[in-house]
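These are the structures in question, set out in turn.
Look for subunit A in each of the two complexes below; its partner is subunit B in the first and subunit C in the second.
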Partner chain A sequence: MNTLLQLLISALLVSSLYSLVAVGFTMYVGVINLANFSHGDTCVLGTFLMMPIFLYATKAGWISASAGLMIPILIILILLLTGIWGAAVYKILVKPLLAAPRLILLLATVAAGQVIREGIRVIYPNGSNPQVFPKLLPSGGFHLLDITLGYDSLTIIFLTIVCILCLNFIIHKTKMGVAMRAVSQNADVAQMMGINIERTIIAVFMIGSALAGMAGILNATYYGITKFNLGSNLGIKGFSAAVIGGLGDFKGAIVGGFLLGFIEVFAAAYIPNGSQYQDVFSFLAVIAFLIFRPSGILGEKIFEKV
Partner chain B sequence: MSKKLVLILLAVLLTLSVVGCGSSKTAEKQTVKIGFIGPLSGGNAAVGIGAKNSFQLKVDEVLAAGDYPYNVEVVYEDDASDPATGVAAATKIASDPDVVAAATHWNSPVGLATVDVFHKYGMAQVLWGTIHRDIIYGNDYDEPVRVIPTSEQSMELAGDYAVDFGIMKWVIINDTSDYGTKIRDEFTAAMEKRGGEILESIGVTIGQQDFSAVLSRVVELDPEGIFYAGVTTEAAGVRIQSMKMGLTDVLFMGPPGIQSDTFGEITLDDAEGTFCSGTFDVNSTEEGIAFVEAYNAKYTDPYEQNGPYAYDSAAIILEALKEVGPDKAKIVEYILSHSFKGVIGDIEWDEYGQNGVGGLTMYVNQDQKWVKYEESEYASGERTLPWVK
Partner chain C sequence: MESSNLGKNARFSLKRGLTPALLLVIIALVYAIVAYENWAVVLLCLAAGAGLFFAYSRVPAVKALITESMRTDKVLLLVTGILAALVIPLTLRTQPYVIHILIIALISIILALGLNFQVGSTGIPNLGYAAFYGVGAYTSALLSTKLGLSFWISIIAAGCISALFGWLVGLPTLKTRSYHMALVSIAFGLVTYIMLNNMGFTGGPNGIKNIPAPEIFGWSLFSSIRLFGNTYPIQVNFYYFVLIFAILAFVVSRFIFNSKVGLYFNAVREDEIAAKCSGVNTSKMKLLAFAVGAFLAGIAGSLYAHYIGYISPENFNMNTSLQILGMVIMGGMDNIVGVGIGAFILSVAPEKFRSLADFRMLATGLIILLMLIFRPSGIVKQQIRVYAGKIFGKENALKGDNHD
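The block that comes next holds the complex of A and B.
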């Protein structure tokens, strides 16, 4: 029973991180029908932006003086920076290729991911090696029903819920959200109704990249480590979760992230030698969904798959 | 007049040519190349760079003495801890007619993959970092010799300490590489021989980040010790997450693969009181201390645990080259038939080309550094190990 509870907590944590990546991923598909394969690397970019800034803030004495306030400020700063990066990717890379076949655009995003990865490796000091990521979340934990609940795990789950609620608010309660949904359904009609398409797409890229930055920071601070090439794995997991949820479906991405996380953790725990094959189980689930339910788990809308 | 001028010119030319010949003969020694392969990029680059610098240090010291009969140039290749990259690097070095011998590898899967390449080209391969038993004992080749002890010797040491500590019920978490599985098998054998019990062995993959499912199982099994059979990055992840899961009073131990300062840098306070059945303690001999001083005077990157072995590998290759000349076959024969004196002590091969125990040492992590257990504050009683009841 205790093991089951502990596994549930672990699965919730892993699932939260996957959902956060998947939600960002699915936004691009939902609004402009583009699978942005640089999304996972944008997560890692967030971590490599955070490290020097955190170091500077620590040296300047800001962190020790007011850690409770400074760390959220630093995280918001990184979200802004990754958001600006997303806007730049749109302006420089995506916009000139919007009229090109989607496959070309998809390859361009793969290249953007490669630029981030190799850029970090070459520019960041000792960039090929794993980097120790600062602990930004409260350490320690408490025992409940004979299981250990870490403050950091709980904070990550809480922050994921906050991010998803904020995103839900933006999509459903703001003018920009209405514009996004309109562009997602029919860009031409939306434009005729006076919606600024470019501004809407830029917002999608900014929000998507900021979510990636958040996911990257939470992932790195929990595991205590980041590395230039971690993005490929995160990106693939986010993409898989989005596929399970139905590409382009916001709620589906969250459900997909949770399903993927639970499959991984429980397969590793309950299938003999499952831990070494946990990725295999999650990708089998993705293949099964692609074959038997390509519209995703919630199955409301069928998007063209990349 | 003109005849006299011609004669003078001829004399001058003759004098110049004689002087020229003489000077070129004394100054130009034959240049010979030797090779070095290690993980110079990727997750294990710190170890590779430390070994590379140590290798170069020995070469520079020998050449600086002035009486070495050859100019030696080192060809460095990166295996990136990847067997395929390692085979490409080994083929490049072994097929180069100017290279006469090489010191190679930290990762056992890479060593297992390249040992055939060096045999095919008949080139001496001095292994400075790989500890998988089969690289030396799995073939009857003359080319590979190994200065570092085998994983089997290292796991015997781990078994001895486990018994001393009274920790007999273990769970092994191993990565699924050749290195991880070999260490798992050898630690299992070492413990079973001593009456210990391996409750379960659980495999994980290299690059895996989340070990919560594995550790939930460990919590259920309630062992006295966790042995991580693998390398630093994943070991650090397992350690951090095991502490989060409340496995605070369990002995955590690993093989030489985790004996890097990076382990303490990643795990911070969680590193405290963890153990590593590691390699040579460089501060235990005068030669070792001299090596550290010379190294630190020249380099800022740490020499890591394999620096002394790489340094001695260079010494072995250079001595063989000096004695028998740049002949690959003769160098192989010379190395295998001689013993050497290195910073790690006397290097004597068995019939397969394996050095003896080479200063195996048990380390404990104290203030995020690996410290020889006997010299630690844990052994002196100033600090208490978390698992001591």
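The block that comes next holds the complex of A and C.
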């Protein structure tokens, strides 16, 4: 019973990280029908932006004086930076290729991911090796029903919920959100109704990349470690979660993230030798979905139009 | 009337001289790039090649002259090319490492030709291509080390099992969109990598050692040849051996490209629904593109395993997939000659800048990115398929030009 509860907590934690990545991923697909394969590497970019800034802040003595206030400010700074990065990726890479066949754009995002990954490895001092990531979240924990609840995991789950609620608010209650939904339904008509498409897409890229930065930082601070090539795995998990939930669907990405997280944690725990093969199980789940329900759990059935 | 005829003749003789001169320059450049270890020389030659290429692509007169002379002297071109490929390694007797690079380049050409069926001809993104390469290499290595089968059985088995995997990976994506395919191929690449690392019979991270060399009628390729008092390194044997396979792969790819199947592949790429409406069995074509591409990867993997004699999962990870993808994109998607050129450049050039080996993967990523943004068609563009020539005579066929 206790192991089950403990597993439940860790599954919740993994799931919320996957959901964060998946939500960002699904936004690109939903609005401009682009699978951004550099999304996972943007997560890692966030962690590698955080480390020098955190180091500088510690040296300047800001952290120790008012840790409770400084760390959220630093995180928001990183979210801004990754958001700007997302806008830059759109301007430099995606916009010139929007008219080209989708295959070209897809391959370009794959190459962009590679450039981020290898750029980090080459530029960051000793970048080939795993880097110790600072603990940003409160340490310690408390006991409840014989299981240990770490404050850090609780904070991560809480922050994920906050992010998703914020995003939900943006999408459903603000003007920008209405514009996003309109562009996602029909870009031409949206433009005729006076929506600035370019600004909307840039907003999507900024929000998506900021979510990636958030996911990357939470992931790195929980495991205490980050490495240049962690992003490809994280990105593919996020993509898988988005596919399971139904690509382009905001709620579907969250559901898919949770399904994937639970499959992974419980397969690792209950299948003999499972921890070595936990990635294999999640990919098998995705392939099963692609065969039997390609539109995902919440997705609508795709009708091809001539 | 007379004067125009005279002008035609003069131009004709100029063209006659142009092809050999051009060939000489190109062969000299390639030879210098291959044989010299000095990176400054290599850089200079690469720059010269790039200059030639820019003159070709930017100045219409140069382009017309070169294309036409290449067309009229096809036989000369082919003969000189093959002769150069045969003679060059013999002059590099004292530099076995250079021949090693050439062998790797030939294997890369086979790989890139295989990936071209998927990414280039059919337009299916395959981001886990190295997994098929790995499946081929491991199949061949396991069959020949554990069961003691001969190389010839192993290489055919490697190709077939790899093709089977290609077919299986293609299956889940028949109903879905292109980015699902990208996901499945990445996932397959990662799963293969994890499996190779964790399963017992593949030797785990240590890989497989002591893979025997191929034998031709009992003569092992690991025994060096003595000719005219010179001992040639064993790399020379392997070079000719792999060259035969590369030429075979080239011929087969060209045959498929020119056949109806090649046309169907292109139809699937351009518009799947329209292809379906025109009676193309798109599911079958996609699976076929996967199987053929994977078959070539399997053959290349088997050649690699038996040449190097040692394989480990690290040879077949995501980076390898992206490198092969870079070769296809740089050379020119759906152009067989272009893909060969891309594979050659991207496998030879990095070896010349070994002091910058750390930047190799970054450079691959940047090359793919810049190519896609500024010249998505690659070094050599796709050829328009011209069928009119077969009906109306040869003159019409010559009018088919490159397109953007």
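Note that the second predicted complex is superposed on the first by the 300 of 306 C-alpha atoms of A that agree within 3 Å, B and C clash if a C-alpha of one lies under 4 Å from a C-alpha of the other, contacts with A are read in each partner's own complex, and residues count from 1 in each chain.
Keep this in mind: contacts are C-beta pairs under 8 Å (C-beta built on N, C-alpha and C of every residue); 3 or more make two chains touch, one makes a residue touch a chain.
Everything quoted here is computed from the prediction, not taken from an experiment.
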item	value
Partner chain in contact with A:His143 - subunit B first, subunit C second, else both or neither	first
Touched partner set for A:Lys227, first subunit B, second subunit C, both or neither	first
Partner chain in contact with A:Ala111 - subunit B first, subunit C second, else both or neither	second
Subunit B versus subunit C as contact partner of A:Asp279, first or second or both or neither	both
First, second, both or neither for A:Ala35, with subunit B first and subunit C second	second
Which of subunit B and subunit C A:Pro72 touches, first, second, both or neither	neither
Partner chain(s) touched by A:Pro52 [first = subunit B, second = subunit C, both, neither]	neither
On subunit A, the residue positions that both subunit B and subunit C contact, one per complex	233, 276, 279
Residue ranges of subunit A touching subunit C (in the complex, touch as defined)	29, 35, 37, 93, 96-97, 100-104, 106-108, 110-115, 117-119, 121-122, 232-233, 236, 239-240, 243, 247, 276-277, 279-280, 283, 286-287, 290-291, 294, 302, 304, 306
Interface residues, subunit C side, partner subunit A - complex	119, 123, 125, 127, 171-173, 175-180, 182-184, 186-188, 190-191, 194-195, 198, 273-274, 277, 318, 322, 325-326, 329, 358-359, 361-362, 364-366, 368-369, 372-373, 376
For the subunit A and subunit B complex, residues of the former touching the latter	2-3, 6-7, 10, 13-14, 126, 128-130, 132, 135, 141, 143, 148, 150, 152-153, 219, 223-225, 227, 230, 233, 264-269, 273-276, 278-279
Residues on subunit B engaged by subunit A in the complex (per definition of touch)	41-43, 45-46, 176, 202-205, 207-214, 216-217, 219-220, 233, 236-237, 240, 244-246, 262, 265-268
